[in-house]
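Look at the two complexes coming up: chain A is in both, with chain B in one and chain C in the other.
Right after this comes the complex of A and B.
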C-alpha cells in the first residue's frame, strides 16, 4: 500500500537509491515537505476518489452495519430490531461456514495451479525462438475480456455429467464419468477452472513484465558460475518474482472472495448445489437477498465477509512485509 | 485572450447542438415504456407490432437475467423515479408480490377496460395478480400447464404402449398418490426392459424425478401456507414430498438426475434420448422444438398423472412510481389480450391464460378488448376453435391444445405467501439430495438430518429471519 503513494509522490528518491525494492516504503518517516499551495492542490486532486467512495462506498457499508441489527424487510418498511440475533445465527450457521470453506477451497484450486501455469506461459512467451509474440500476448487477454457468465455457460457444458467433453475424454482413458456438480471437490475444480481460464493470461503477462525487468547481468553472472537453466530459474528468476507473486496472491484473494457468477450459472440458482457444496460467500449472501428476502441476515453475512477480509489482509500484510524485508537485505 | 476565444467557440458549438436537437425532435415526444423482464417473456415481434401501430411509443424491455434479479432490483428502486414502468414477476414470486405489493403497484382496477377483462382469464392465474388487499396488481402472461412429453421410440423398444391414451391410462389413478405411484411403476418397467438396459444412451426414465415435487404440489389446494400463515408440515405438502421421494428412491432408479431447468446435460439429453419422459409445461415445447430439432417425430405428448399441473408463467405489473403508467397499462392490456395471447401460442406454444380461448363455458366469438389503436380484432369462430383443435406436427400430431387446456382448467387457486420461492427451494433441495443418495427420507423419523425434517427446519429458519 505504502509503496504506491510513496513511489508516486517522490520519484526522485528512487533515482538516488536504485537498489531499493519497490514494495518497501521509501520514506520511513512518511514526511515529504510541500509548500502550502502544492498541498492544497494535492487534496483537490485526490478528492474525487474520496468523495465518490464516501457516497457509494463508505455510506452503504455503514448502513449495512445498521441493517444487520434488524430483521430488515425492504418491502413493507417493518424493521423489527433483533440486536445481535443475526450475528449469533451467523456464527452457528453451518451453511455460512461451509461457504467459507468452499470459497477458500475454490480460491486454492484457482490460484495455485494458475500461478505455475502463468509462470510457464510467461517463460514460453519470453523465448527468443517464439514467432509472432505480440499476437500470442494479445490472444492471452481474450478470455479476460469475456464475461464470466459466458465462460461459466461454456464450462458448464464441458463439465456436464453425461454429455460434457471432459467426461467423454476421461472415458477414452477408461475413467468413469464424474458428476462434477454433485461432488464437493469436483465442483470446486470446475469453478476454479473457469476462474483460471479467465485470469491465467492476464497473470502470464504480469509475470512476463516482471521477468523482463530482471537484469541480464544476473543471468550472466549465474552463467559464469556454471548454473544450468533450472538453477537460474530457481535462484535468479524466482526470488526476483517474489513481489509479483505476492501481488497475485493478494489480487487473487480479493477476487476469490467475490466468486459469484460462476457458481450461480453452474447451479442455475443461488443455492450452490443441493447440499450447498459449491455455495460461496457472496452467493450465500445474494441468496438471502434475492430469494429469502432476509436483508438483515444478508448484512450480517456481509460483515462476516468483511471480518474475514480484514484477517486475510492482515496475514497478507505480514507476509508482504517479511518478503519485502528479505529483498532489501 | 485565448481563453475567451475557446469560450466563444464552445458557446457557439453548444448552441448549434441545441438547435440541431430541437429540429430533429419530432412533433410528438417519444415516450419509452421500460420493462424489467427475464428470459423471453417479452416477445420482440409482438413489441414491434405494437410500436408500429403506436407512433411515439417505444418499448424498452431490459432482460435482468432471472426472476430473482427483477425482484431484487424492484426492491431497490420501488419508491424512486428510476423504477421501470412494467416489471415481470414469476408465479413462484406471486405470493411475495401479492403480500407486499398492494401499495407498491398501481391498482389496475383504476384503468379503463380492466373491469371487463378478468372474465376472460383462468381464475387461479388471474388471482396470482390480485394483492391481499384486493387490488389488481398484475396481468397474467401464459400458463405453464403440465403434460408428459415422452419418446415413442424408446417406449416402443421397451414394449410399452405408445398411443397417448394408452400411455396416460397406465398412470391413471383414483387419486394423485395412486396416479404418481403408477407413473413410477411405468418407469420401473421401462428401466427393467432389456432394450433399455442394452441402450447405453439411456440415463433414466424421467429427466429428474425431483420435478415431480412441484407438479404434485401444484395439483393440490395447499402448498406452504394456510390462509396467510406459513404451514410447513401440512398433509398436502408432505404428500407431494412423499410422492417425489418415492420416485427418487425407486429401484431400479428411474430418474436421470438431469435438471430440465438449467442443467447442462438436458439439451443434449433431449436429442440423444438420455431420458424417455419429461414433465413439460407448455412453454417447454418450444425449447424442445428449437433445441432438439432432430428429435422431431420421436416425441408424443399425453396427460400428466393426477389432475393437471403447472410450472412457470408470469405476471406483468406496473409499479406505483412508474413514469408512464397509463401508456404501460395500454401496452400490457394489449399484450396479454386474448387475441395477442393466441398469436403467442401460434408462434411459441405459450399457452394462454385467456381461457376464453379454450374454456367451452365461456363465450368466445366476438370478444375484443382495448380501445383506440390498441383495440384487438374480434375473435372469430376459427380463432376460438384453434387451440382445442391444434395438433402439433413436431410431437406426432399430439393434441397439445386440448391436453394443456384440460391441465390448466383443472387447477385451483392456492393460498400463497411471501416466502414461497424460498420454501420451494428448501424442499426441492432435500428431494435432490435424496435422489443423489446424500440423504434419506423415512416417514416419521425424528432424525434432524432426515430429508423431510431438514426441509422443515431449513424453512423455519428462513421464516424466522423473514
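Right after this comes the complex of A and C.
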C-alpha cells in the first residue's frame, strides 16, 4: 500500500457484499418488508434534497420549454405567445452557429492534448520510487482551486499582443508577434490553454488513481512475455483505462459546453471578441439574459444546447460500443 | 518480433522494469509542470506590484516591485473588496455546512435505510443530472425575480444547500465506512435512528465530510455565472463578481489593478490549499476510483 491510500479516507465500494445483512429490514423469502418508522425517517432525511431539487432544479428545466414559446421581456409584463418563432430565429442566427463552432473548437484544443498530457504525468507519478509524491500531487492540483476569472485575467495579460510574456518568449526564437486575442483559432488556443492549465493536474490524479487500481500481476506477466515499456502501456494500461477515458470525455464535454468565464474575461464583455471570434454557447446565452433581456430566445438557446448534448452523447455511446465490441473486456 | 524473443532470454532482469526508479528526466518534467502550475500566481503578483510603465515595456519586469500597496488601494477605490470578501466567506461557509449536514442525512438514508421508491428516486436524479445546467438558467432567474430574490444572497444559498453531487458522495462514504453489523448492534441496544446517526455515523464519516465541505466551499468561492446574474449592487458582490467588474471597468486601461484584484481574490485560496491540499488530493483520487 502506498502512502497515498494510507493517508486518504478511501471509500472502498468493493467491500460491499451482495448478501450483506440488511439494516433494519429482515426480509426472509426475498420480498422486502419495509419498516414504517424507518421509511418515515428516510423520507425526512432525503426531503430537503428533493425539495431543493424539484423547485430549483427540475421545475426550471421543465419550464424552459414553455418559456421558449413566448417572448418574455423583463421590461413589460406582456409575454405574447410566438410559437416556433424563437426556434426559427435560432436556426437562422449566424452568431449562434458561430458560437457552436467556437465552442467545439475550444473543446477540441482543451480536451485532446490535455488527455495525453494527463496520461503522461500520471505515468510518471505512479512509479513507487518517486520521491516527494505528496508535493508533486499538490502542485498538480493547485491550479484547480483558483477561480477561472482570476486565471483568465493572468492568461489574458500573458497572451497580450505587445507586452505579453508569451509573445516576448516567441520573439526570442524569432517568431511572432501573434495577436492571440484577435485571431479566431489563436483565441481558441489561448482559452483552451487556460482550461488545460486548470484541469490537467486534476485529470492526472484521476488517471493516477485508475492506474493504481490496475493489478500489478498484469505487468509482471507482460514482462515475462517480454513486452517492452511501450507495449505494456499500449496493451495493459490503456485498455484498463477505457472507462476513465470515457468518463473524462463526458465530463470534458459537459464542461466544454459551459465555457463562459474565460471568454467573458478575455473580452471584458459578453460579445466574445470584436468579431465574436471567441463567443461560446453559454456566453451567448448569458448575453441574451443579462444584456438583451430576451428570455424566450435564451431559453431556445438552452434547448439548442441540450439537443447538441443529446447528439454528442449518442455519438459517444456509439463509439464506446464500437470500441467495446473490439473484444477488450 | 526478434526483440521479443531476445528479451525473453533474460526474464529475471526484465522483471518489474515498468516500475523501475525514475530517471532524472522524469523529475525535470515534474519540476517543469510544478513551475507552470505556480507561475501564473507569481506573475499575478509581479504585474500587480510593478507600475504600469515597468509592465508595458520589452523586456518586462520579472521580479516583484514595490507598488503593490498602491494597486491595493486602487482596487479598493473601484470595489469594496473587504466587504466582498466577507460576503463570499459567509455565503461559502453557510453553503458548505448546510451541504455537508443535509448530504450526510440523505446519504445515510440512501446507503443504510430501506424505503419504498428508493431505486426510482436515485435513477430520477441521475437522469436529470445528464441535462446541461444552462437549460434551467432562464426560468430559474425568472423564479428568483418572482420571489424578489434578485440582489439577495438567498438566491445563491438556497439552491445550493444540498446538491446531487453531495448526496451521492455521502452515500458512497456511508456505504463504505459504516459496517452494517455496527448499526445492527446499536439497534439491538435500543438506539433510535437519530441516535444512531449522531453517535455512530457522524463520528466515522467526519473526515470525508470535511473534504466534501472543502469542495463545496471552493466551488462557491469560485462561482461566477449565477452570482453575476443575481447580484447588482457593489455591497452585495462576491469576490468573483467584483473581479469581473474590475476587469470590465479597467479593461485595456490598467492591468495592474486587475491583477492586484486577482491576486487578492486568489491568495486566500492558495493559503488554504497549503493546509488542506493533501486532503483534497486524497479526495479527488478516492472520487476517481468510485466513479
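FYI, the second predicted complex is superposed on the first by the 265 of 329 C-alpha atoms of A that agree within 3 Å, B and C clash if a C-alpha of one lies under 4 Å from a C-alpha of the other, contacts with A are read in each partner's own complex, and residues count from 1 in each chain.
Note that a residue touches a chain if its C-beta (ideal position, glycine included) is under 8 Å from a C-beta of that chain, and two chains touch if they have at least 3 such contacts.
Here the structure is a predicted model, which means the values were calculated and not measured.
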| item | value |
| --- | --- |
| First (chain B), second (chain C), both or neither touched by A:182 | first |
| Broader residue contact with chain A after superposition on the shared chain, chain B or chain C | C |
| Contacts of A:229 with chain B and chain C, given as first, second, both or neither | second |
| Contacts of A:285 with chain B and chain C, given as first, second, both or neither | second |
| First (chain B), second (chain C), both or neither touched by A:89 | first |
| Partner chain(s) touched by A:173 [first = chain B, second = chain C, both, neither] | neither |
| Partner chain(s) touched by A:163 [first = chain B, second = chain C, both, neither] | both |
| First, second, both or neither for A:269, with chain B first and chain C second | both |
| Partner chain(s) touched by A:60 [first = chain B, second = chain C, both, neither] | second |
| Set of chain A residues, in rising order, touched by both chain B and chain C | 74, 157, 162-163, 268-269, 289-290 |
| Footprint of chain C on chain A - complex, ascending | 4, 7-13, 15-16, 20-25, 32, 34-35, 37-39, 41-43, 45-46, 48-50, 52-53, 55-61, 63-64, 67, 72, 74, 120-121, 124-130, 134-143, 145-151, 153-155, 157-158, 162-163, 165, 168, 197, 201-202, 205-206, 208-210, 213, 216, 219-220, 222-229, 232, 244, 247, 254, 257-258, 260-261, 264-265, 268-269, 281-282, 285-286, 289-290, 295, 298-299, 301-303, 305-306, 309, 313 |
| Of all residues in chain A, those that touch chain B in their complex | 71, 73-76, 86, 89, 156-157, 159-164, 179, 182, 267-271, 274-275, 288-294, 296-297 |
| Residues of chain B touching chain A in the complex | 68-69, 71-72, 75-76, 78, 96, 100-101, 104, 203, 256-259, 261-265, 268-269, 272, 274, 418-419, 421-422, 425, 429-430, 432-433, 436, 438, 461-462, 465-466 |
| Complex contact set, residues of chain C against chain A | 3-5, 7-8, 11, 14-22, 26, 29-30, 33-34, 36-38, 40-41, 43-44, 47, 55-60, 102-103, 105-106, 108-110, 112-116, 118, 121, 125, 128, 130-143, 145, 158-159, 161-162, 164, 167, 172-173, 175-177, 180-181, 183-184, 187, 193-194, 207-208, 211, 218, 221-222, 224-225, 228-229, 239-240, 243-244, 247-248, 251-252, 255, 258-259, 261-263, 265-266, 269-270, 272-273, 277-278, 280-286, 288-291 |
